[in-house]
Each structure stands twice: as structure tokens, then as C-alpha cells.
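Listed next: structures, encoded as C-alpha cells.
Across the two complexes that follow, subunit A remains constant while its partner is subunit B and subsequently subunit C.
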Partner chain A sequence: MTETIQLGGAKETGFFPRLRTIIGRRTEGRGVILLLVILAVLAFTQPLVFTALPVTIGRIALIGIVALGLTAVILMGELDLSVASTLAASGVVVAIIPDLRIAIPAALLMGIVVGIINAFFIAIVGIASFIASLGMLFALSGLAFVLSNEVPVSIANQDAGLAFGQPLFGPVTPRILLFFLVFIAIQLFVTKVKAGREFFAVGGNRQAAYDSGIPVKRRIFTGFIISGFVSALAGVIYTLELTVATPTAGSTVLLASFAAAIIGGNYLKGGRGSIIGTLIGASSLGVLQVALFLSGVQVPVQNTLIGAILLIAVITDPSSLRAISARVRATLPDRTKVEAQ
Partner chain B sequence: MDKKTTLTQQMAVAQEPEKAIVERKTGALSWVAQNGIFIFLAVLILVASFAVNGFASLENLTSILNRAAPIGIVAVGMTYVVISGNYLDLSVVAQVATAGVIFLAVGNEYGLFVAALAAFAASLVYGIVNGVAVGYFKANAVIVTLATTYIGLGLLRFFSGGSIFFGNPDGPMEQFGQAKLGPIPASTFVLLAITIVLSILLTRTNFGFLVKSFGVNEKATRLAGVNTDRVIVGAFLVTAFAATLAGFVFAAYSNTAVSTMSQGFDFRALAAIIIGGTSVFGGRGSVLRTLLGVMFVSVLNNILVLVGISFGYQQLALGIIILLAVTLDVLSRKLGEK
Partner chain C sequence: MAAVVEAKNITKAFGGVKAVDDVSVSVEAGEILAVVGENGAGKSTLMRILAGIETQDSGQVIVSGEVIPKSDAKASIDAGISLVHQELSLVPEMTVAENILLGSAPTTVGITRTRQMKQIAQAALEEIGVSVDLDERISKLSVALRQFVEIARAVARKPKVLILDEPTASLTPAETDYLLSMLQRLADRGMSIVYISHRIPEVFRLCDTVTILRDGKQISVLDVAKTTPQQVIDQMVGRELKKDLESKRSSSPGHVVLKAVGIRAEGVNDISLEVRAGEIIGLGGLVGAGRTELVRAIIGADPRKLGKVTLTVNGKTKVISSFESAVKAGVGYVPEERRTDGLALTMTVAENITLPNRKELSASGFQLARKIRTFADDLSKRVGLRPPEIDREAGQYSGGNQQKIVIAKWLGRRPALIVLDEPTRGVDVGAKAEIHRLVKELADNGTAVLVVSSDLPELLELADTIHVVRDGTITGTLSQEEADEKRVMSLAAGEQVENA
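Up next is the complex of A and B:
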């Protein structure tokens, strides 16, 4: 077997066929469409959004940072529901330890430990990821309440917190800087590093990945550690910016981060997707939220809109569309037969 | 009879030998995973009645029953979604709150009958949206129901203005909420009735059989000619109807309703289902076991409250119990495969 197998479309030459192939392989289509639609509508109805760029980017960073970590897990076809309470618990950890030099590493370490525990139950014990991370979601939100004594905790070093909220240069606050660093790190990891590229293989066909020698279990550990670490980082950012940690923080993070990742075209069964897609998804949600804030729309209505977008995004997934079109096709011949009779 | 019965019989026959092999090989661990709930519950109640002050009093038991009823009704309904292998229905939170608010807000104005119609119409919408997205579009149930939760709660908060609704004093809701037979509240009878109905539906009808067989093997069920998508919609509808009933019971108990009233119902119901021995992989489980799981969760919660353990620890304990129960289920399955 020395013959190399040509993958679909690779034989195409010429600029436009090649372009079509490249576009056909990308998964971000729906995210781009949503972003363009939102931007087009806003250009007419709420042009203020474009002048409030720092606010908008800050909002995108807020939604996006957890979604980026989540994407690493979704690429492998797993879910990590525990991100929301990892964020809350790590935020509380930052607040209850007075010295920030100890508190921040401790909070980040907690995120890594959460990832390891998640991955242990998923990869070693063999529990479906949604249920293992659901248990962790519950346990960690309990932990956040326990550690904070069920009340919001202020951080001891208020000045450091206030300084953290200030722009470093131009409109770039530490939050935005960290978001882009995380984005670049994860993007490079899943596109250039072998371990990261193996995420796609693990998600696409786990058995095949295993058979070709990819350490599947270790990759699952890697993915959940990334996701745990990133959401802990988000918790640190939240607490430092607000200078106070609430055990209920991040209750809407779950919705927003999943929405960002799924709108960005990440296939929930794994194997397809991109970090850039998540960025696009987070951008469209962030712009939308800022616009809704500026228009004075209440938070529940915003959540309804984001929920609706998530619902539409998840049922317009290519595989969902295939499933439904197959059904529609299956019913059509029946009708024609009846009409013929 | 018709084609369906023969199909059902054939599938039952086909499953029989496999079941025997699994049962022979799994042994103790599997027995604990499936029937451990009987022992856990008995031990918990025994220990509590001796060691915990105030547990064995009549008022306390009545209060346990009162609190268990809404969660229990949600849990027995959601058992259908879990058995069908679709993980869970997070949107029960929104469904219970929607029903509760409708029963009080609409019920005060137009009477209970109109309120009941409106509430069940809402649950029909929930069930169909969830079911069609999961069944026909093959979308992930966790994400779909996460989305519908926020859509539903957002709409509810928008239309209710986030305010608390009180029932008319001595209105029908209040009367039902306070009704008792001896020490047993009326809501407990609703819980028992719905458990029996759903249990019969699951074990004695074609629909119940198809829900189970879909959970065991989705593809085989479809290839056998079953309209599996419709079965999924049915499972979500059962859950939605149960959640609406739970909203009624819950709103009647306190005679108040607000959009945040049912926070945590989804996880607590799921915990009850899993602890009851219904497998999250689908196909295996029963409504009656879920009832035991509900009692376990409620008694445990009650004990933790009586002992004075804070809310945080209660959540922590529930999370750990979910993980342990699922671990047990998985390990018993793994041993069964060997």
C-alpha cells in the first residue's frame, strides 16, 4: 500500500475551486453570518456600539475566555459543565486568601485540580462527561458557598483590584490582554502542537485515534485541565475586577460560553471546529449584549435572546440539518405515491 | 393484534438472552447499583431516627413529604428522558416556575380551570420544542434544554416583571396546599398517583417499551421501524406535563410563585433519578426507583438541615453523591461486559 489516498477536493486546482474547498472545510460559517447580521442591524439601529469599542471588547473577553477553554473540550466531543462553578469557586479562593501572590496561584491550581478530577471520572472511570462535570458543577458551587460562608467576600488588597480594572495601554485592560493571550495560546496549541492537533482526532473518531497510537486518555486530561485552568483564570479576573467574590458568580457564564462555542461552529460530537470560530461566536454575542444594554433591554430578555440563538445554532448544525432533511425526503415520496393513487 | 404488538414481542424476545448473560456476570456491584437505594434509604432513615434530634417527629415527616412532592413529581417525569438515553431535561426549572406563576397569576383572575389550560399549553410548547430539537434535529439534549431554560425563564421574568405572585387567601390553590389526610399532605397523593400512572405507562404500554428500547439501542429501535423521533418528543412531553403538575403543587404549598422558585430542581431531580438506580446511559431504570431516590435526597436534605449543616455543604454532598452513584453504575456495567 504505497499509494497515497487523495482526500476530497484536494485535486482541485485553480484559485476559485481551491477557495471553495477551503471555505467548505471551515466550520465558522454560521458564526460569521450571525456576526455580520448583528453588525448590519446595529449599524442602522444602534451605531453607538461601534464607538464604545473598549466596552465591547471587554464584554467579548468576558464571554469568550471561558468559551475558549470549553472549546478545547468540545473539540474532543466532551462537555464541561463545571466551568461555571469553577469560576465561582476560584473567585472565592482569590478573595479569601489575603496575599494575592499566594491567592492567584492557588486559584489557578484549583482550576487545574478540577480539570484533573473531571478527567479522572471521564477517562479512567468512564462516566459520560456531561454527568461527571455536572456533579462537579454541583460540588464546586457548594464549595464556593462553603468557602465564602454564603456571603460575598471582598478581597483584602482593594488597590490591586482597582488597578487591575484600569487600562494598561490604549483601551486594553488586563482582562482583554489575558483574553488575547489565552486565545493565542490555545489557538497555537490546537493548530500547531501535536498534542493539540490530536484533540481533533480524539473527537472525530475515538477508536481510530486510539488505534493509531494517540494517548486518548491523556488527551482528555489535557483538555479538561485547559478548560479548568481557563475558567479558574476567568474567576480570578472577575474577582479582581469587582474586588469582591460572590459564590453565585458565573451563573449565566454557562449559557454564554456554550453559546459562543456552538455558534462558532464547534461540533458537539467533536472533531470539527476551531478556536477562531469561538472567537467569532463570542464576538457576536458580546456585540449583541452591549447593544442590548445600550438599548436598555433587561437582562432576562437578553438571556432569552441568547438562549434562542443557542437553540437555533444547535439545530442548524450540519449534522442536525442532514438528519432533518433526510426525514423530510423520506416523507416526500410517500406523499407523491398517495397523490398518484 | 396489530403490527406494533408483534414488533414489541419480537424485541422483547430479542432482549431476553442478553439480559440473562448480563445479570449472571455482574454480581454484587450491579446489584448495589440497581437495588442499593433500598438499603441506603433504610439505613439513612434508621440512623436519622435514632441519632438526629427532631427527625422522627410527625411535623418533620410531614414537612419532608411536603418538600419532596414537587421535586418528586419532576423527577418521576424526567426519568423518561433519562431512560430514553437523552441525559436530562435542564429546562424543568423554567417549566416548574412557568407553571407555578401561571397557576397563581392566571388562576387569581380567571379561575383554576383556565390557569390549568394555560399551564398545560405552556408545557406542551416546552415538550414539543425540546423533543423536536432533540428527536428530529438530533441535537444534544443538554444544550437544547440549557437554551430553552434561559428562553423560558427570560420570557417568564419579562412577562411577570420578576414579581412574586400570591394566591387568593382561601382560594382553591391555598385549600389544596393545606389539605391533609391525617399527617399526609395532599401533594404526596399527587406524587404517588403520578408515579403509579407513569410507572404503568413505562412498563405496560408500547410507548414505555419504546422509550426503554430507544435507550438501550437507538439504532436497532429505529431499524425495527419505530418512529424514534416521535418517541423522544413523547418522553419530553411526559417530563413537561409532570413539571407543570409539580409547579401546581409547589405553588399551592406556599401559595406564592416567583420566576426563581424552582432553582436547583433540575439537578436535584437528576440526583434522585441517578441515586434511584436509573442509568444515565439510558435503557435501564424505573419510575418507582426514582421515587425512592427522591425520598433519599429529601431525607438527606432534611437531616443536613436539622443537624445545622449549611447550604454549601448540602450542595457539595449532593454533587459527590451524584458522582459516586454514577461511578457505581459505570463500574457495574464494566464488570458486566467482562
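Up next is the complex of A and C:
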């Protein structure tokens, strides 16, 4: 070493400064706080949530599994609005094919194909993901109605379905187990695998990713395939548990999964967020929904509350707080006064 | 000696415009080649083609005798071409280490090896002699540090040729100095370097050879030892650049237009200042001293913690509480980050220029198309926009030309106060002189001017009075007669100035 230059930005030393920078770098903060607040309030008002643990976790898994796949896409700054209708369509596919050994792979394959088609329009044709996946949303919900003849379809093998709803051990049903497997798989993918880590670059600065030789289009394909596959898996779980597929299944899933990802600190423009955050966001929402249900709150009122919490979660993000305060100040009645000189 | 990297007969057109027209360059091992030319001459485009980011219409890039595939960024990197971009190309939310190994993180069966990644990043930073926390996010770093991180990334790829596109545009003199000697060291070890800059002295200090581009064409390749700065500039511009006739302005400042008292804000510590009509006040200091924060707080673009700002126009004094009220009261602002703050990149030049002038150009709410066109046309010619096509999208212009559009936008308005933050960063010599002339003209017509610049000659040329800022406070004030480079620098760096 011949020469060096001091430009600031050196590593913080000391335990507390280090801890502060580490916490400052995480994105899940508000999700954690929200979850803690909800849990604290419920400990007094609705302790049943904790005794009904299997129900609560099951609810979390239902919202969460789709949200996890969706997060992979959101990290790249894209949207996938077709997740809920993928769930519905794949659920119907499982029900109309009598042999589950064919039905399940077919439904999952459908999810992958949906992802490929979405990614094709977005990465190759160059359509905005909002529009491409909106088109897919309509196409798939139409397909779900056509395949099911617009009526609920029961699965042929009712026994398998009933068995599927039973806990494997403790409170863990197959749904919960699959949810955790999906969580672990996607978490490992975006934190350890090179391709997955590059999702953050694709979302954070696409030009920079491209300049550095990252195959941006391939990453977009991967993301949408993950999202499509996971949504299809959710559809399979849904149908097996209920032993019947409805073409309108998962109508609330779309909004709930976006809400979970956003509460968990994922930035819709991409590049910032985490899978753990989505897990926390889904947990907050799931616990809240169960609590509201147990308290006998009507579904429309539940939705209103969830909407309010979503907004609170977004505007309490420190960086958006700053931006909002500046904007509010700028739009307040102009305080420019004319003074005599 | 054989060329390490050779670009042969490269041509690239955007629409009808030939950005690069049959250009050939080559560098040998250890050679430092300068590429110079006016804004829009095609320098960045040529480099982006070399890096496989832009696709050439014809021509080849050859590395150590092998033709590398077109528009394949990965192949270019692997072949040994590393580019440090003109506009920073880092991912703000990722860490320093991740950015240095962006796209080329070491893996075993697809799994990133984080420890090894950090080692490589650390080694690259040590090679360029910069120390920074590997786990820090880029968005938390200063502009200068980001620039060095980007250089570390280029170096970490162990390139045969390292290309730097205006790397010193946002560095202080000391940092520039450091960078130049570091590049010399790398070249001494056999790395080839292509260096782009509008600062001719840097070229003469560092480079062996200089290639001159004008309007996409290669004008000449000169041996730096056998040429003079004036020759290079003349060839760049294609005409003889009139030396500015030492235009000392007869400064007879009028009434106080801007009065800022006790400004405290993020990075600004109790600063007061005044600007009079027809006066040019310069804010000198190092990058990161708090000058940008100060001017943004003054005009209400960023929140102030404390302090009062008033603007007096036509005998009426108004309190500036928000950016909106500032603009309404007659403030023009040319921000430092033109790409994010100053321009709507997808709007045309005409739309950008007329943006702050909507009122003047509309009759009872309707915009007068013809009036707008002549207005925009006139202004874009005055700032020397190249090419002066007002229907092109602003984003399609080269870096320096984008800066001219931002300036043009406010010129037309004849603001009571104009705040310029690094007005000529990345602007070529000819256009720079032109912008200086325009700023002086504004002042002569009674506009109060507040200019932030890290470019010392510029500050000395423009300002009637220079306030030097360090760590958010004014450490010294120099009149035009007192000011020279040494004094400004020592105040900026915090050394005591002896009274001479």
C-alpha cells in the first residue's frame, strides 16, 4: 500500500453504534412493531388468539404463502396482480382432474406457465407488469369459471382431502408445513443464492444491474415463475383442504398478500425489503383477522381496519414520514406574508 | 507494442444523429489514453459500446486479438473491459461489498460466498487506498465515496483496460489529485486506462495520448507530450475559442434581495448571508461541506430547523417558507443532481424549458404553441445546446447538454434570485464559458446570484464575494480582490490563513 485517502464512511466501532447501524439497515422494523403492538393489545382484549394457535397459524399460512411468492417479484420492482386468480384457476384444475397424482402436478405446472407468460410480456415484449399481470388476472379468472362451469367442483378423492386437513404433528397441518418450506426456500434463495440476491439489484437500479452483466430478463422470468408456482401451490392447498374448488376462491388473497408484503417493509418500487418482513407482515394480518373474527367483527369492517393498518404501516416508515412532512408543509396554505419594508 | 484493446471503425446512430461515426481507438498495456470532446461528441456512447452496454451499428471491439460479442456486458467484463460510468451505476440499497461484486459474486453451486465476496471487495478497496465499511449501504455514502466504490468495482474485476467517464466531476481538488496518482500507479503496473474529462489540465498531467472527438467523428490522435492544451481545445471546438476578455464586471450591487438569518438545518449550523441585486455570491468549500444543504434550506427545498429567509422584490419583502413560496416570489434553482431533481427526462427540451415559465407563455390559461417554440428555441441556442432540437426528449441528451437545458429553463424567467449548484459540472470548456457569460449577464440585469461551486477557477471568475463553508459553517469571506485558489482551499480545508 502506497497511499490512502480518508473520505469518511469508516466502520462504526463500539457495541451500541454497531447495533444501531445494523438495526438501521433492516427493513422489517415497522412490521415488527406493528406485530408487537397487535399482540400486546390482544393479550388483554382477545387472549383466545393465543389458545386458538392452530387456527391463527393456519390463517397466517393462507395469506402468507401467496405473499411470499409475490415478494420475489416485488423485490425486482414489478407487480404480479395475477396471484389470486392463479390460485383460483389452479384450485379448479386440481378438482376437475380425478387422479390427484396427475391433478397436483398439472396445477403446479399451470402456475409455472402463468409465470412464464407474465414474464414474457414484461421482459421480452416490454409491457408494464401492472398491465401484463392485470390481463392475466382477467384471463385466469375467466378460465377458472369456464373449467368449473361456474359452479363449485368437489374433488373426486374426498378421503385424501380430509386427510390433508389433519395435523401432521402438534398444530402443524400440511398447509402450515408447506408454508414454512416455501418460506425457507425463498428466504434462502434471495439471501444466499447469487441469482436471488441479484433480484435486489434488478429492483434497486436496473440499469446498474444490466451494466454489470446481470441477466436482468432471466431474473424477471425466475421471479414470475416463483410467484406463479407458489400461487398455484396455494390453490392446490386450498382445494384439498376444502375438498371443493370454487372459481371465486381467494378473492381476498390479492389484497391481503400485497398488504402483507408492504407491512413487512417491502418497497413497491423494488430493491428494498425482505422475505422475513413479508412473514412478519403476514403474521400481523393473520393474527388481526383471527382476532377480529373471534370478536365477531363483520368482514367488511375487518377489511376497513386492515386498510387503515396498511396505511399506518406505510406512512410510519421513517423515510416516508420525512417525505410526507415535507409535502404536507408544501401544500399547507401558503404562509408567504407581505411585510412592509 | 500490440494493442490490448482496440475499437475498430465503430459507428452508432440514434435516429438520424450519428453519435459515433467511424471511430477507432486502441490502447497498449500501461498506456493512459484521454478521450476528449465537447458535450455530445460521443465519448460516453463510444465507451458504452466498448463495455457492451450499447449496441454498435457497425465496427468491432477487439481484446487481445479476439473480437468480443456485441452488446454483451458480461462478455466485455470477462474479456477485461471495466467501465466507471459518467452517471453513477450503483444500487443504492445494497451494501458496498455487494455493489463491488455486482453481477460477479463468487459462488459455489450458485450459492454466494459472502466471506470471499467481502475479501475481494476489501482487496479492491485497499488497492485503490480507500477505507469504507463493507456493510454500509451505498445510499448512506457521500458522492465522492460512491465514486470511489464504483472505481473499486471496476478494479475488482481485474480489468486489462479501465475506462473512466468523467470520474472527477464531483470530486474535490484533493480527491482528484489522489485519484490521478492512483491511476498512474495502476498504469505503472501495466493496466491500460481510458480517461474522459473536460478538465484539460488533468489530461495533460495524467495521459500519454489524447483522442479528440467532435460531433461523433474522430478529429485526431495526439501525443500529449508533443501538444499544448490550446491545440487540444481548438481541435475539440473546431474553431478558435475567444479568450474571455477578462470581463471584470462593474459590480454596483443594488438593494438586498435575499436575506437569510440564522439558518440551521441538517448539516448546516447557524449560517446567515445576504445577496444583493446584481451581485454574485459564491459558496466555496469541499464536497460535503454543507453548501448544497444550505442553499436547499434557504429556498425551502429541504426543511429548516431554525432561521428566517426573506426575499425582497420591487420593494416588497416576502418570507420564504416553502419551495413553492420561493418560486412564486421569484427564485430560480439549478440543482446539483440534474437527473433526479432538475429535469423531466421523458419530456421534450421545449417542455422542460418552458416548465417554470408557464404563466408568461399562456393567454388566459391556454399555452401559446408558437410562442413556446420560439421561446424554447431561443433559449436552447443561447446556452449552446447541441444539437438544438427542442422536440427531443431531455433524457436523450448527453450529460453536459442536460445541464444546459436545466440552466436554460431558468434563464428565460429572469428570476429575482437564482441559485446555481455546481452549474457547470460535466460541461465542456466552450459551453462553460458560455454559461459563465450568461450568469454574468443575468447579474448585470439585476438578478441576485448565489452559486455553489467546487470548481475553484469558476468560483474566482464568477463571484464578487466568496463565502467558504466548512462543516456547515462559514469559515471565511473573501472579496474578489482577496480571493485566490490557495486562500479558498485553506479555508475550505480548515487551515489557518496567514494575513498576506
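Definition applied: the second predicted complex is superposed on the first by the 310 of 341 C-alpha atoms of A that agree within 3 Å, B and C clash if a C-alpha of one lies under 4 Å from a C-alpha of the other, contacts with A are read in each partner's own complex, and residues count from 1 in each chain.
Everything that follows uses one rule, which is that contacts are C-beta pairs under 8 Å (C-beta built on N, C-alpha and C of every residue); 3 or more make two chains touch, one makes a residue touch a chain.
Keep in mind that this is a model prediction, so the values were computed, not measured.
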> Regarding the shared-chain residue A:Gly271, is it in contact with subunit B (first), subunit C (second), both, or neither?
Replying inline: second
> Counting only touches as set out at the top, which of subunit B and subunit C does A:Lys192 meet: first, second, both, neither?
Replying inline: second
>> Applying the document's definition of touch, where does A:Phe200 land relative to subunit B and subunit C: first, second, both, or neither?
In response: second
> In the superposed arrangement, which partner chain does A:Ala208 touch: subunit B (first), subunit C (second), both, or neither?
Replying inline: second
> So, does A:Leu255 touch the first partner subunit B, the second partner subunit C, both, or neither?
Replying inline: first
> On subunit A, what residues does subunit B touch that subunit C touches as well?
Replying inline: none
>> For the complex, give me every residue of subunit A touching subunit C.
In response: 1-12, 21, 25, 192-195, 197-198, 200-201, 204-205, 207-215, 267, 271-272, 325-326, 329-330, 332, 334-341
>> Considering only the defined contacts, which subunit B positions touch subunit A in the complex?
In response: 87, 129, 133, 136-140, 142-144, 146-151, 153-158, 162, 229, 267, 270-271, 274, 280-281, 310-320, 322-323, 326-327, 330-331, 334
>> Give the list of subunit A residues in touch with subunit B in this complex.
In response: 79, 81, 121, 125-128, 130-132, 134-147, 149-150, 247, 252, 254-255, 258-259, 262, 268, 298, 300-308, 310-311, 314-315, 317, 319-321, 323-324, 327
> What residues on subunit C touch subunit A, complex-wise?
Replying inline: 51-53, 72-78, 83, 85, 89-94, 98, 102-105, 107, 110-112, 126, 129-137, 140-142, 144-145, 148, 153, 174-175, 178, 181-182, 185, 288, 302-303, 310, 312, 315-325, 328-329
